[in-house]
Each structure stands twice: as structure tokens, then as C-alpha cells.
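One structure is given below, represented as C-alpha cells, and several questions about it will come after.
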């Protein structure tokens, strides 16, 4: 009877919390890309999402139980792990609850826009070293970023000292983004957080010294109410002569354009400086052109699969998770400093111990 | 108990024949990328391959039965489909046997190097219209080739009339390739067959009029014994003013370089003219550089997954297979004509009915 | 007798002041690329330069008089125009002297590192509206920048609101650069000045609101004495919701890397984001690579020729010069503000009238 | 009096024969790009061309005498050299006449479409070793082709054994091209001749063994009358295991697309595989795109200047000319063999001595 790998106990029973755009994608990723995961449950507080799930043929065929409540889902019999893909404001509390239930957790970034909540979630995770609790910084699982990282670590470019990194989204004219933006903490917290994480990763987490940011509103004036912009440029100076600078945008015409350049004393590694949807080029009266991925999903779909595979493997084989929750703390601190600078026009400064200091 | 999708009958029990380099990859593809496939058996006549499989943890955990004989495997209880990845010389006979057992078949290209065998396999498939029998031309499942095809079909470049297509492999200095080459029918049959298929696909299968090829031996002089070359250039003229030309190589220094250009009366579509392993560029004292995929696997891994998914879906949902066996006949006819021209120095000509004609 | 165009008075007698690296190149440009220019004199205060010139066959054959003193050269009989390519600290005074002698002037950037001197030179030029006095911002004459400008002006990208621009030089290990750097005003004044000019040109000279810069020393610690860095990142916020940001570097491994991206509300124009020395790509065991120009000369040689041609044409045909001296004033003001921010860590702010304001 | 370089005798008095599109460009090149050339005369048998020249301000200012007859022009006092840019059918006779007058000659390609005429011109040149007689294969003066050549000669790619080269022109819908095509000898003689020259140059002039070509008519059916096609593909096998293959087209939508790939045993050098008009890329709703040069002039303008400079220098300094007339003979022989194959459908074969042989 039984089936694939069941007898050996080499399958992980996992649930996905949240059935928004990404939650659905995570279910599909687990079904189609992670041989040793068994999706046993999902939940959403939004009736239209649970209704959709209950009628979905895959969810039926693969016996995925649909819950209306996160708390109820945590009690699903045999559940071992949760992938938290709810809205940012409950990431931390959901993580803490799952840990308290003895479940392994993969939590989407950012852990919270509130540093105290981030600390509480980290503390919860530390209290249960037997559980795997992982932060979902998806870019670290992208094959190109990993290749770039290996090249930097193997000294291809000498000492890395400067990172330029962009997260520029396709203009969303549907209104979806503006509604979403109300609770995301601002462009440097929601968007640039990935770039900050990359900068810290590539330059070995130097301590920030000063943060400065400016921004503008070109397509979404409504964001002014949320104290946000639709294009921002930020600069971070680190102790030790390192620098990172960022451009975040919600208003690109050509697609999702995420690129990173790591400059070192002996060279430079560039990731996706010319974004391409695929290998196709069209030559016609307008010249030569290629398309660009419309969204981060097309750019990072494989990275999400790798992330899920590595989380499942870490649990099943009792390995260290590839990205710990702690990773998110310094990232968020810098993201919030940039957002504050954007709003105040001031340079936000820290001493080498990471404490806020004021200019005299 | 049971599990995923089992109750609904929405899983396909499939076996993989052959455990060479590609057979192993097909097993992994089915396990990791095809949610509705259940690999129930594999077989190989090579003891070191079956021994390897019997010790492999995935094969054990996922209950994959390992057979020493293809015929025995066909009798595996509950088996519904076979993916044939044995050596080319038994592709046709294995296909026929599986069809006779009432099994669905996905057969790797080429179906055979002998046109009579190709015809026999096609006839067998036609005798069982209830079975799905599919030819494995993997490039047709590649996202870039599909995008190019959609662009051509939606008239982006007017009437397509000229195809340039290359299959250029990384030089293999291990001896593996030279051993393999003895039974593959020659460079235009083994390598260019993909390019011929693409040319026919993009130009709506025009009738060939003349075929001419030349070649050279630069790294593998041993191939002379097999009446083959390690670099060949072939030209095919079709009725209706269409042309295809090809470069096949076994000796590239930089990687697996497969590109295709489709010229039409209003433009050109190019696929992979500058091959790239990923999105990474390194800038250093030598300039700027990127890496290239070493093998077709890195280039076409996703295409193989799509191919497997579509085959499984075609069987489960009773859809038409995306690439019929018949597709392989004209492709092979042209491949063999190019190989003959290569060996004789003559132009091989056909009339519009496809019959061989001689120059007067 | 006489010759080319002489009878018609359609040749311009021009002198080049300064015989450093660029002065020599300007002489060659005038000889080889400007049909209607006649180089009649050069000068240098450096004996090894004048000695070199007196022995140069071209200078002999083309009757170029070599002076040891700028003032003496200004009295050369028949002289009509001067191309000032001396060191930055005398650009302004040399311009003023030439104007006082009634000569047309093409003065290399920057006009001065001192804003008062810049003003004095502008005033001198304004006092002689009959003379053509032009600022040498060479990038404005580059075919690619001009094409980008036309595209922006013809509304290809909507309203331009964000400029990223880099001037990154090949690492100079000869010591030449460090010696040169002592009098150049700092990296944002010497290097970024071109990028500031481009940002103002593409965005219609918006008024600066705040300037912030950070930097680091990675290869040339000696620059600390000159209050300078070898890598700097600067951000300028303008009134009207416009932003420019810059990276200047003296330490690139791969070559002279100058790129500019102009983002608009409907698209983006990119100039030289992937720099290439020429059209050649090499594919070998390391992948695929191309070379990068080593210096700005290889990148902008044609732009210097166009600049010279247009200056000569402006004089001969009595046209407006393509880049007026005034252009240099705001550019220098922003360059100096960035340099000051770099040294103080403070944000430098201006009101809409361009007056310096302090944070409260 | 006099002027530039006159006294030293270091200027060359040169005339341009032919005032068609290229003849006018050659005059401009000599005026603007060749410091030591003095254009003293031009000629054309077409009254509208001579009329245009007599009214052109540059021709007036620079004292360029306009002749209605080539023979008269050859008698211009002080004339030292002629750049022959007349129609192909008189290239050879004009070369011979100029040599007989003791003039140096730069003759545009092809020398003739008749091999006997080519031989006669070569013989004339050989009879006057004191004169510089040069064939105008402009691509050999292009900076990228030269860089590629240096790389090949310095063993970057091992032994070169395969050349792919394309000459693909923008579709001309004005009728100019079709009229021009009547006397140009066919697509492989007019267009591919450059590619054949490159193949021979890069592979050290191997002896051709067999030539085969096919073609089609997609936009210019009128060419059938001239026994020509608007797209042709040709293959040349050489003795020694070398191969060249070519695509020539008159019907490109995107611009002038000329590329060359030289494959060697250790790597590949590619020239202009992705043609670009300049360094500009536009990102908008259609993706990312760049423009392509419309004509060979934009692609090779600098090469023509270098060619002119080197011819003038060869004469003035009594150096060997960079490309001898003999170069054109084998090139034309292969071009005509491809054209014959195109028309007859037969493989054209040669023995190692270069004599035509027939298949048995």
C-alpha cells in the first residue's frame, strides 16, 4: 500500500499559511518541485481564497486540507512544518506560534517591519534549537547569485567593497500594488530589503555607519499618505571602507529589473545587469530586442524551488538551515534607517556597536 | 491510507528504460518535476547500472523496482507508460514491444538510424490509437524555442524562409564521446537531427529538394573509421524557396553552443545566439566574460521537465501528444541525406514527392 | 599658390595650449579630423614637451610653431582661436587672457575648481559676444549620448526623472594619476563633473536641493592627503522630484567604464551599460569575453573630433557654440557640494534660488 | 606661401574617379580624415554628378577640379594617385590606364567580375613595381576585424579551420538596389566577396576543393532576369580540412548585418555577431532594444578612413600596400564558382592546383 517514500519516513508533512499570490505559488512549488514534501494543509482568513482552494483539482487530488484559521491549521494531525506566506504584519506572530507548537518554519521576508517583533521571533527560534526556523530571502537561492557568491568567496575580485543593487518592479496599473503598499513598511523595507541582504551577504556583514536616502513620486501619488515614494535611491556607508547603494522602483516600463554589481579591489561581478526573459532576440525594423520578465516570479521561480528543497532537506536530514532568522535583523535595521532618512532628509548614523548616534 | 492523488487515479505509473547518463536524469526529472508521475520501475542490461540503482537512496525510498531486462520490466504490475532511453539501435524495437504490451511510450530521439525501422515503429503506434506514443524532440519544449515559435506563428517576421541552426558540443577529451559515436549514425543523424527538426517545425515541413554537406576531423581522427567527422556543415534546399543550413561540432572549447536563427520576410528571430550559463558577468583584467553551459543538460534541463510533464498530462487527460512519432521520419530522411552527401561529396536530390532523384 | 580652402578664407587658424597627454591628442585631432582647421601654434611651459614637439615630424611638416609661453603664443600672427588644454588651475585665467586678445576659445573642463574664477571667465566671455567661447564637455559630442538625448527629447521615455551615471577609470599603477590628482579638486569635481553635466542636460537643469556623498580609499591611500577618495558614491536630489546618483572610481580592473541610465516615466535609455572595446568576442575555455576600452580616449576619441569640428564650424560660420561656458557653473557647484559632503559627512542643501541653507 | 606640409613634399595629390554614393564619400574621407592627402580632382561621366560637384562648397573651397572624363582627369597636372570608385565593369580598365600613366591606384572591390580582366590588371600592376596598386577590401581595415586577426595570428584559438561569414543588407525598397544589381555579377560576387576574402585571410589562403550554393528570391523577383537571388547560402570546402560558409542577403528588416565567426581548434573569435548602431539601449514596454546600422557605410566608415590613410602613407613613405591586387583573384574565383553552383545546382570542384575538375 502506501506510496512514495512513505514507509521510510522520508517525506515531510508541510502546510502553507496564506493563499495570496505567493501562497498559491508555494503550494505549487511544493507539489511540483519538492519530491520529499507532502502538502497536507493550507489556510487563509480570506473566504474567497479558501473557497478557491476547496474547488481546485490539485488540492482535491493531493488531499490538501483547507483551513479558515491559522491556529486550527497548526493542530493538523501529523503536521511537521509551516511555510508562512501571510501578510508581513503577522509574520512574526505566526512564526512564534508555530515554534511554540513544535513545528519547523520557513518564514517569508521580512520577518516584521518592527524590530522588537523581529527580536521576539528570533528569541522564540533560539529557545527551540531542535526546530529548523528559516528566513525566506529567496535571492540567496538563485543560481546566478550563488555563482556570483562563489566567485567572490573564491577571490575572483579581491576584497569586495562596493555593492550596487536594484529592485525595480514593473509599473502596476491595476491598483493591486497601491493597496498592498499600505502595510509593507515603505519601499526600502519592502523592496530594498533584498538588496541590503545581498550587500551584507557579499561583504560579510559590515557594521553600518551612515544611511541616506531620497525619493520621488512619479506614478503613485497616493503613496504619500503612507509616507512612501515610488522611486528611491539610498546609500549606506559601512565601517571598514565599504559602501552599498540602491535604487528601488515601482514604476518600470520594461519589466522586473533586479541587478546587482559587486566591486572588489581586483574586479567586479555583475548579476543580471541586462535582464532577459529568455534566450530570444527579435530583429525587425526597430532594431534588435528582447523581452524582460514581468515579475519577480518569472525571475526567481527556480530560486523559490531551491529554497523549498533546501528547507525540506534541512528538516529531513537535520542540517543547518541556509538562512537563519537572525539574518533578517540587521537587514531590517538598515532598511528602516533608509526609510527614516527618506522621510526626514537626515543622515542616520550608527556607531561601530550599532547604536544610533546623532550629529552634533 | 494511500497518499497523494492516489485515490483519484490521477497518478501515472511509469518506468524508465535505460540507466545511462540520460536514463538517470529522466528518473530524477520524474521524481522532482512531475507531480503526477510515479516512477515504479527502471531497467538496464548493464550490471554496473542496475547495481548503482539498487543502492541509490531515492530509488529505495520511492520504491522503484530495478530490472535487468527490458522485457521483464514491461510486465511490471500496474505499469502504464515507458520512457525509452536506451541506445539508439533498440529505440524502435523497444517502442514496438511497449506498444504491443499496451503501454504509452515516450521515446528519445532518434527513433532509429534506419528508415525502415522508423516506419515499423510508426505503424505499430498507428495500430494502437488508444495509446500515447511520443517522440522526444526535447528542444520543442524549451521555453525560448516555444516563445520563438509563437512569435513566428503570430507573424512577427512575415514568412519564415531561412533557418540557420547549430548544435556544437563541448570537446570531450575523456573518450566517452568517441565510444558513443560508433553507433549513433553520424554527426548529421545524431546532432543535427535536432536542428533539422527545428527547421521543419518553424517552416511548416517543406519538402527537401537538395542536401549537401562537408566536414572535417580536427580532434577525433578515430571517427574516420565510423565514416564520420567532428565538424560538419550542411545545407538543405526545400521546395518553395526555403533553405536551412547547419553547423554541427564535437569540438567547442567554450561549452555547449546551440543556436537557431529563423529569417522571415519581415524580420528574424534568434534563439541563444550568445549562449550564457546564467546571468553572471565577471569584469577583470581580461575584460568582461560570462560562462557557457557545458552540456545540453544544463541548457535543456527545464525542457526535459516540460516534456515529461506534457507526456504525463497527455496520458492522464487523454490529450494529443505534443510531438508524434511521424515527426521523426522526415527529420531522419534529411539527416541521412546530409550524412550521405558528407561521405560521397555529392548533392543528394529529391523530387517534390520525396523520391530520390539523380542528376543527369 | 596657396592651397586648400585658403583663398576662400574658410580655414581657421588655431593654437593648442598645453602639450600634455590631451594637448598632443588635440593637435592630432585637428590635423587629422578637422578639414577646415589649421594648427598654427602650440605652447607648453614644460621643456620636455616643447622639445618633443620641435622634433615631431608632423609639427615640422605642418608648420606648427612651438612656444614656451602661453602669452607669447597668443601673439602669433594670424591666430584666430585657442584650444586650452593646460592644467585645471589655469583654465580660467587662460580663457580670460585669450578673450582679451580677441581670440575664440575652446576650454577643457572644468573651467576651474573655484566658483569665483568660473564666474570671472563667464563674465569675460559675456563681455565679448563676438567671440565664440565654448566649454569642453566632450561627452555631449559622443554619438551615443547624442542619440540618447534625441530619444529623450522626442519623448521616448516620458518625463526623465532619474539619472544614474558612472565614471570609473582603469586603475593606474604608474603613479601618473596620483600625481595628477593633487590639483584636480577631488573625485567629484574631476570625474563626476561629466556625469553631473549629463544629468543636468538630460533633465533640463533642475535646481539642486540636497547633495550627499560617501567614499573609500582602496588603492591610493596617498589621496587622503589631498582630501580625496578613490571611489565615491554621490546622490543629488533636485527640486521637482528629480534625482541623480553617481559612482566615480579610479580603481577598475577591466577598463574605462562610463555608463549612464536615464529613467523616465515611460521607459529608460541606457548608454554603454556593457562597455565594449569593439565588436570582437572570444569564446574559449573561460567562456565568452570581450575587451573594454582602457581609457576615456578610446571611448571618446570620436567625440573629441566632433567637438573640434563643431567649434571650428561655429567660428567659421558664426553659429552659436554647442556648449556655453555658463554650463559649467551649476555643474561645478554640484561637484563641489558632493566633494564637501564627502569630506564632512553632512548633507549639503540649497534653496530653490540656489542659495546654501543649513539644517536646523 | 603655401601651407600645410606643402613645402616638405609630404602631401599626396589624389583624384577620385566616380561620384556615385561611394565616390562622394571617398572625397569626404580624404578631406576630413587624411591629413596628408590633397584631393585635386574628381570625375564622373554622369552630368548630374559633375553638376552637383561643381556647386558643392567644399569642392570649391578646397579647389577640387571636376572632370567629365576619366581620361582627361588622368592628365591633371601634379596628379599622383587615383582612387577608383567607378562601376565594377570598368574597375580593371581604369586601373590599367592609371598605371600606364604612372599613377598610384587604390581600386574598389571587385577588380572585375571577369577573371581575365582581373589577371590583366594584376599584370599591369606587376609591370610597374614602382607604383602602389592596392585592392580595396575595406573590412581588412576595420578595427574589430584587425583585432580578431591579431588574436587568431597570436594563437588565441589554435588552428583556424572554419569560417562563417554573413553579408546581409537592409532591404532596399527604393529600386536603387535592383538597378545596381544588373551589373554586379551576382550576390556571391558582389556581396559574399568580402566574406570570401575574410575566410582566406583568416585561414591563410587554403586552396578551394568544392563550392556549393543555393538561393531564393523573396523580395526582388526581378533579379531572376539577372540570374541572381536575394538570399544565398554557400559552402566552400578547402584542401587541408578547412571550411567556410556564407549567407548573403539583400532583404534584412533590421539593418546591415555583417558578422564573422572564426572557429579554431582551441576556441572561436566572433566579430559583430550582435550588430549595434551605437551604445544605446532603450527599455520600454516592448522590452530592451538597440538599433542596428542601416548600411555598410555606418558600419565601415572608420575602416574606409583607415584604408585611405594607409594607402596614402604607403605611397608617401614607399611602403608595401596592405592589400595587393593579387588578393582579389582567388576571391573572385571562389565567388564565381559559388554563383555558378547557385545557377546550376552542381558542386563546382577544383584540384589542389586550382584547376576545375568534373565529377565522374
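To keep things simple, chains are lettered A, B, C and D as they appear, and every chain counts its residues starting from 1.
FYI, contacts are C-beta pairs under 8 Å (C-beta built on N, C-alpha and C of every residue); 3 or more make two chains touch, one makes a residue touch a chain.
As the structure is a computational prediction, the values presented were derived from the model and not from experiment.
A.B. asks: Residue numbers at the chain C-chain D interface: does the shared fraction exceed half, giving same, or fall under half, giving different?
C.D. replies: Interface between chain C and chain D is built from largely the same residues.
A.B. asks: Among all chains, whose Cα centre is located farthest from the one for chain A?
C.D. replies: Looking at centroid distances, D is the chain farthest away.
A.B. asks: How many angstrom between the C-alpha centroids of chain D and chain A?
C.D. replies: Spacing between the chain centres: roughly 57 Å.
A.B. asks: Taking the mean of the CA coordinates per chain, how far is chain C from chain D in Å?
C.D. replies: Computed from C-alpha means, the inter-chain centre distance equals 38 Å.
A.B. asks: Taking each chain's centre as the mean position of its Cα atoms, how many Å separate chain B from chain D?
C.D. replies: 43
A.B. asks: Mind pulling the chain B residues that touch 2 or more other chains?
C.D. replies: Counting only residues that touch two or more other chains, chain B contributes 157, 252-254, 266-268, 273-275, 277, 281, 283-285, 291.
A.B. asks: List the residues on chain C that touch chain B in their complex, please.
C.D. replies: Touching chain B: residues 252-255, 257, 274-277, 281, 283-292 of chain C.
A.B. asks: Of all residues in chain B, which touch chain D in the complex?
C.D. replies: 157, 159, 161-162, 164, 210, 212, 214-219, 231, 233, 235, 237, 241-243, 245, 247, 249, 251-254, 263, 265-268, 273-274, 345-347, 359
A.B. asks: Give every residue of chain D touching chain C within the complex, in rising order.
C.D. replies: Residues in contact with chain C: 1-8, 10, 31-35, 38, 58, 60-63, 143-144, 147-148, 151, 156-157, 266-273, 275, 277-285, 291.
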